[in-house]
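What follows is a structure written as structure tokens; I'll ask about it next.
Note that the chains take the letters A, B, C, D, E, F, G and H in the order they are written out, and that residue 1 is the start of every chain.
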């Protein structure tokens, strides 16, 4: 059995590489998908395709339509969503992706430092599993294959 | 025709009162529902019902189960969700409620100051309508009744 | 038993008034809802609420978000959709509303002059009922109450 | 990951060949499906199978049942729908296919010349992505694989 | 609590009147709906509305579109479907209505003489309740209100 | 706003009366529904309606079809399910009703003595809220109306 | 693209062999599935597995649970349902399978002799395609692959 | 055709090995999945991943989130659920998994000794098939492939 896992969350660091490396090390039969991780590309993709827009809000709107296309295709294909919240960014997208997955009856793993539990408490309570570290998320993922 | 509208968003100020007063002034046939607005009650409701919990994360988890019960009942009853994002708080709950509504095929109005457009761009693009002020949201709501 | 009926179709003439008058004359227990029928308001509603936009495409996009909000709320409330196609306009919105209703398992009545059958043949074949005149649509609607 | 993409739109020219050639050139892992592109066959398929019908409306109705069978099978299999609107034809079928896909939670790319934005504004606003050219649609499709 | 009950089955006798009278006698809070019971009207309704058709199959197809419109509206409104099979007719419509209700997660009561059990065995096994007489169906319906 | 609440659980004592009395005392605007509470009637209802069956398994099967009819109608009408597990009985029906509600996206309150937590841990984790007493369940229900 | 097609209908002759042979001759990439075709096995399967039952109705009920298991698994896997009605049998199962497929949004082909159009008119009107012969059904199936 | 079958039920003995061995002997093309069968691991998995919890209820809640993650992923992938009830344990999880499958329109086989029929009568009545032994379940499973 092979699982497809969507990795929702910030695109400001390389946490997805850590997830992938550790999954490979554990020999989990998983394909990982996720958002565009090159931040500049993610912000400019609307104008890259549609040309210059008349201001930042329009630029953002054009970019987000491309990002939403990508996310919707890949999440529809996924068996499971892992969502990581960090301390630095607002990450409303992460909450959006996680809630979308939950409402579509997709199982989810939420990763957040304990310090973020309070503002994330309702999302944590709705998620299938909540953990604090990537290692714990990998253990939860690995448990499915035991 | 009467509509039931869920007001998702921060519970740190009285923006819902403003919405209700303005809707009444416009004589819109709307019932408003929403989360518990007394912040302390919202945080303590788990322990209020279940008794003391062994630490903050457990306290939060107990509270959030009660808050999620309330939100799920009321949102299932709603025809429309208005979600307000402000500059001060992380409001992951607001993103959660908005995404849940969108995935359930409920129409939505997102309110945010223009300054927040960038981090909210994907949510804004998925929402049925995005506005900047409560007055604009009321105009959009009123348009349904024209 | 009272039915709510969404009247999809052109907003360039007063065909909805004819439908309503004839339904009243037949004493059908029906509430009719539909799109904004004041054409100028329908086109300007985005700028009316959000302020001037940087060009026609943006103006149209702002207006359509308000029109889509209205349609989604009212169609979710409807038991039946009547969609009228006339010879003069492209009426892609009418096809959109009709297909949305069909996909949501809402019964539909398509009205079109025989001259339009060819380009509408697939939509006609998918619709629950196809007729040529408003009078026929009213007879079909009345048949539900017999 | 391989995607199946339904190409909705006019069958009066060879735009699908252009899409396929460009996707191959970009080495996108995509299977394209779509309606019958031989216009005469599409119009006569009902009589080809069922025999002569008693007039044009009946002929069209027979043909459309075969076309709807084909579209429903192929769209159910698709991960994404690309819908192209051109200036020459009414293309209510394209609006029908696009709306069906949107209501089924399938991501969509709408292609239309800017000149058509006004009559397509509500459909454009509901679509995941709107572009003006086939090249832009391919870039959006390619972005999913980046 | 009031229930709406769709009465599927033959329209060749007055079994629905018996159901209604007995429900009234038991003072059950139920609204009954169902197909057109005037057989001739049910067969001619297509031509009554659309005018003469070019042969019996076309006449039937026109009539059935009107009957399907009626059934779909009324069944969508129903909480429960009672389906009666008799020995005289093929009643594929009854099987159609019953299966549609079962697939839509609507509870069902199947009434059939024991003599028909064999050809109805799969439908009987899928139905929520199977009984042999109208009196038994009324008892089952009444049990919901106990 | 009025809520309809299904009370799933054992029918061997009068816990539902306690729930109803306490809800009335709190003036909650709630209609309570639930299974047949007269145990003998619940066991004999199949034979009461269908006549004697050829053995206990067949008797049980006949009774359960009537009980399932009742539950399905009433649960479809409910906004919320409260499920009580006691120490004495196996109550697989309670687990069945609770899981059905959860899968249908209905919010739930699970009541169980702490002593039962271990065998109910997965159901508890999936339920919206878990409490230990009827009083706590009423407080959770009341919280929705605050 | 490979399609899985469920062949609903009578099991009293070898019409499915004809379908399979003709599909192979046309080189259609199709897997056919369907009900148990050995009539005796289909009737005795309940007792074959569960042992002797206390009468014919119980024997039939046991058999039908096994047949329904088979049909549900195979139909869930299918992309398309072909349903054949013949003149000899009541074939309520065929109507059941066809309606189940239609309600699950699976495309369908109904085959019936013209003589059966009247009693099948509503089912025919709801089906995606109606034809009179197996050859026509194969042409319709083949059209999907053109 | 290959089927994926979820084996719900007690994890206190090796009944799943018997199922797998017998399926292999019958050469059924089936992949079996199911819950964690190492009882201690199933109980400790929460603390194994998340660290020590402040008491048994919290320990159980942590474990159950991991078990629910596993079950949800695997059940979403399954075509069929076989649920075994034994005499020794309460097995509310088995009832939960079976009801979840039924509500998701997955076909089910319930295995229970006749002695348990009474408390399981409603679940048995809702299940697609009920049998008493593993051998019978395998025969039912094999019947799908005949």
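Criterion: contacts are C-beta pairs under 8 Å (C-beta built on N, C-alpha and C of every residue); 3 or more make two chains touch, one makes a residue touch a chain.
Only a predicted model underlies this, so the values are computations on that prediction, with no experimental measurement involved.
J.: Please identify each chain that touches subunit C as well as subunit H.
T.: The common neighbours are A, B.
J.: What shortest step count links subunit C and subunit G in the network of chain contacts?
T.: Contact-graph shortest path, subunit C to subunit G, evaluates to 2.
J.: Just send me the rotation angle from a CA overlay of subunit A on subunit H, rounded to the nearest 5 degrees.
T.: 90
J.: Among the listed pairs F-G, A-B or A-H, choose the one whose interface is a repeat of G-H, with over half of the contact pairs the same by residue number.
T.: A-H
J.: If you tally contacting C-beta pairs, which pair wins, F-G or A-D?
T.: Pair with more contacting C-beta pairs, F-G versus A-D: A-D.
J.: I'd like the Å distance between the centres of subunit C and subunit D, where a centre is the mean of that chain's Cα atoms.
T.: Distance between chain centres: 23 Å.
J.: Just how far, in Å, is the C-alpha centre of subunit D from the one of subunit B?
T.: Centre separation, subunit B to subunit D: 38 Å.
J.: Distance from the CA centroid of subunit D to that of subunit E, rounded to the nearest Å?
T.: 39
J.: Could you list the positions in subunit F whose residues touch two or more of the other chains?
T.: In subunit F, 65, 68 touch at least two other chains.
J.: Chain pairs that touch, all of them, please.
T.: According to the stated criterion, the contacting chain pairs are A-B, A-C, A-D, A-H, B-C, B-F, B-H, C-D, C-E, D-E, D-G, E-F, E-G, F-G, F-H, G-H.
J.: Where on subunit G is subunit H touching in the complex?
T.: The contact residues of subunit G facing subunit H are 4, 31, 33, 36, 41, 45, 48-50, 65-66, 68-70, 72-74, 76-77.
J.: Going by the contact rule at the top, pick out the subunit C residues touching subunit A in the complex.
T.: 54-55, 58
J.: List the residues on subunit H that touch subunit F in their complex, please.
T.: My answer: residues 56-57, 60-61, 63-65, 67-68, 71, 85, 89-93, 95-100, 102-104, 114, 117-126.
J.: Please output the residues of subunit G touching subunit D within their complex, sorted ascending.
T.: Contact set of subunit G toward subunit D: 1, 3, 79-80, 105-107, 109, 128-132, 136, 139-140, 143-144, 146.
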